[in-house]
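The following blocks contain the structures, represented as structure tokens.
What follows is chain A paired twice: with chain B in the first complex and chain C in the second.
Take a look at the complex of A and B:
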């Protein structure tokens, strides 16, 4: 019997090791579409309820707005503000339409045109941003450009280009946590390439098996010393929500 | 020898030729006077509307507002403006009892109605003070009334038609508040106004200062304070006076400017004046070229006469002055006639004015649709002086040629 040479054993062990690595879960390289699909799986929900707080910093001025929010998919949302200055002001989004109810006038008005680009209640998050659907993979074509470490976490870096003109931002650059598949940072660009807004996820919540951004900071790249931190508490995903909530009658109750 | 009587006799020797030369200057000066009359009317309208409706003669606002005036920001406003306005009023009235001090807010809005939404501009002020400034109370159409109280508004007729609204309807106003949030207010339309100024009728509605403060969350503030004087002469002195009061109130945070330093219209008006003067100069030059031709012809015809005068001892300088005087007098006659007829024409045209409504349809300048041409003493002086001076200048070269002739050659060549 021929003795097994050390060299043969070494090569065989090496081959077995490589096969084991290749077979390990997550070890197969993900492409951009797959990464986005995983992000959407985390962020896209059938329904959401949360109690929110917006801390708005503009120059030396600070404001705090609090609210309760309900949403069904990406087409329906209802927000009621609870801070004293705006108590009772409500917003209803149905697909691409937005209405606001003002208790001081006991009346509702449809928001359109240039007002949609204004910051919501003076924040860096515009009404237009709120109207944007969340499912990135359907709206953008994506390219994986590499990996970076951001705030101690390894992130996929994706460049997204809008597939059509109906979106608010023609281009996006995303840093996606490679383990949790949440967007750690995003830069939002105009078609010209001008940087318009930056968002960072400061904290996340684990809801079931999903990771959901629960504290997000927005800043308007065109303004100095301007940022908004949106915090969501009492977060409930995919629970039943009364469809009557998303109606003009509910706005004026 | 006296030059002027001699020149006059020479001009009368061929009356037809002299009349022909003077008529060219007459026509060009007539054209200049009429054009200047229209220009005066046009610019007067623009200046009057700009001062009355937009800035006042003197304007006070925050420095932050000045940096973003174009956007009419509502987050930049004078806090506790009534106290400052009252201080300015007391000081200014001692020197100009007719001066008007007004607190104002102007902002872009989205108006909402059953037929849709439309972007417009709100002008908010004390309704009683604005009777003397915007004077929209004099333009209310039958069936309506000026604003009576808080909660009412008057709207431009064209704007109301675009929104499908009429007197008695509710105007829903949505805009960004001073804190960045959205504000909403409903106002009852008490009347519609028609000024024939497109920038007002199609885009503007007037509301009370109190309503605007509630809508914008502006507490006791105003975006700007305007001081409208009785005349233009004291603007510089009053600006200094107002600056002193403002500095005592809140030094460094507020800006005090005369109307000539605000916005693009004053620069445009200055530029237009310069351009028009150059155009008039060219027109006058063209008209005066005939004189040069006539003078050259006259000198050739009178060569022998020039030679004889020189041989009799007339200095070359006097020959030059003689022909220069003839050319200048032709220009003066033409200028006087052109100016007189031009002024008369303008005075007739000014009675009715020119309705430019269709021509101005696409413009949003602060202009009346009916322009009334006008004449000032400066116009009259300019017409006479320009025509005469240009004629004199044009006559110089032929006159110099005459003065340089050799007497013997001049006599021999005739």
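Take a look at the complex of A and C:
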């Protein structure tokens, strides 16, 4: 049986990364909804292309995977792995559907059900993370609980509670850069209140007028000494991407 | 007649593979061409469990090469392996060739395979595993060569895949690549219609079409129909199949139904039903499949497998295959460790019960280094 290890524009990168896009400065007396709207507004792009590097660390062991990724909005994404061990392995996300292509068997597998909760390519984020829409303001009710200084940056602290059950995490706690409106840190919780995942933006690049998180660290709170650092280079925003890229034909080509 | 045609195709395939792989050094520098491969050493010991213990051993040294190339709308893949096989491993190879005579078509080996002879002690072989050329134009793709149809949903059994032959000799079911030609139309981003022709199928030359689509974000389904030529005592037949899988939050059931309708009325219509499901518990993935084929020599077949990734480097796999009528049973546990000083290791302990109800055990170890 194939080991299912789909990975997205890094859409995951696209999506969880996405949870960290920047905005314009100057935020005073904003309420939670307005802050979230600014964060969400920064995450809007028509297309994105990047070359990614994923460093998976467990204890003293480290593994690097590389990829090329294309995404259109939050609904379409295509990833092709380029590191030798996974070369030619591809992922396709179309809305709520996720497929993976294994070149050695020329086989396409639809990732579904419980498999979506497994770590992608052994990383600390799951397929489900990659499938999450990024319009937080529509998915969550937000409450501004204060301000904190995080790694030298003043941040708004928001508590988010899911409006319905159709999301991977019932609650989120976000630290949002008060100047750039990037999600600097995010804690993801189960409905029970158990902390499941943590992400931190380690670095970001300015692309046009936007601040994009270029290096993000994810860790699974249920795993010890484990983390995944995702880096993006050669980032291109809003450039034309062939619609055929997001199809089963491209996946199997 | 058929034998000579097949022998000719084998020579052509191996020649093409040699050309492809021989061209690698110059092709490597070109855009879109990659060569990869690995060297693997395996060793095993086995013994009867029921009755007196009697140890035997085997080993295999393997060099595998794969070439992938793409240029414009065309892509090409070839993979081959050279192996020196010894002891019990030649016995396993012989058994596999007896079960799937078509595998011998893509093998050059010394001594040559002889189904009437006992397995030799040592074999050297060159195998063509994959050789396929694909060309895409608009929403259509055309592919020909030694490759996989990959229809159906089943991992161990798939009656809806009219072209599949499963090899269980490694303990983990795997589809065999076959000489096929395929034309595919992609009418939408998530749908496809395949037309596949397998001229050398053991059951008779087969041509069939299959339509695949998704719906409601959680349903994937397909329907297939085809025709199979007469072969041996089997008459010309119509084939039909449907398959579907449905995603539930914690469980993904799937099923296949296939029917074979002889056109001359000499035999009754036969059918096969497959039911399966996959679920996850923690990081573990558990899969189970049951195949019911009332007209086949094996009417009931059961496969189950659990996969447990310990981390990105170490994982466990526990497959089990069971035929209730004969009592044949195989189960094992494999510990895999990857990227240890650049090498991948696997340790497998397996137990089998034959149709004669005799138990045997096998311990095998593999080490692999890729490039």
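As a convention for this text, the second predicted complex is superposed on the first by the 225 of 253 C-alpha atoms of A that agree within 3 Å, B and C clash if a C-alpha of one lies under 4 Å from a C-alpha of the other, contacts with A are read in each partner's own complex, and residues count from 1 in each chain.
The definition used in the following text is that a residue touches a chain if its C-beta (ideal position, glycine included) is under 8 Å from a C-beta of that chain, and two chains touch if they have at least 3 such contacts.
All values reported here derive from a predicted model rather than from experimental measurement.
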item	value
Partners on chain A (chain B, chain C) - clash or fit	clash
Chain B versus chain C as contact partner of A:226, first or second or both or neither	second
Chain A residues touched by each partner, larger count belonging to chain B or chain C	C
First (chain B), second (chain C), both or neither touched by A:95	second
Contacts of A:87 with chain B and chain C, given as first, second, both or neither	second
Contacts of A:29 with chain B and chain C, given as first, second, both or neither	neither
Partner chain in contact with A:248 - chain B first, chain C second, else both or neither	second
Partner chain(s) touched by A:119 [first = chain B, second = chain C, both, neither]	both
Chain B collision site on chain C, chosen from 79-87, 151-159, 205-213 or 223-231, when both complexes are overlaid on chain A	151-159
Footprint overlap on chain A, comparing chain B with chain C	56, 58, 63, 85, 104-105, 107, 110, 112-115, 118-119, 121-123
Residue numbers on chain A that touch chain B, as the complex places them	56, 58, 63, 85-86, 100, 102, 104-105, 107, 109-115, 118-119, 121-123
Contact set on chain A toward chain C in their complex	1-4, 56, 58, 61, 63, 84-85, 87-88, 94-97, 103-108, 110, 112-115, 117-119, 121-123, 226, 246-249, 252-253
Contact footprint of chain A on chain C as seen in their complex	34, 36, 66, 68, 70, 75, 77, 79, 132, 134, 136, 139, 141, 147-148, 150, 155, 172-175, 184, 186, 188-192, 214, 217-218, 220, 245, 247-252, 278-281, 283, 285, 287, 305, 307, 309, 311-313, 315, 317, 319, 338-339, 370-371
In the complex with chain A, residue positions of chain B that touch it	110, 112, 117, 119, 172, 174, 176-177, 179-186
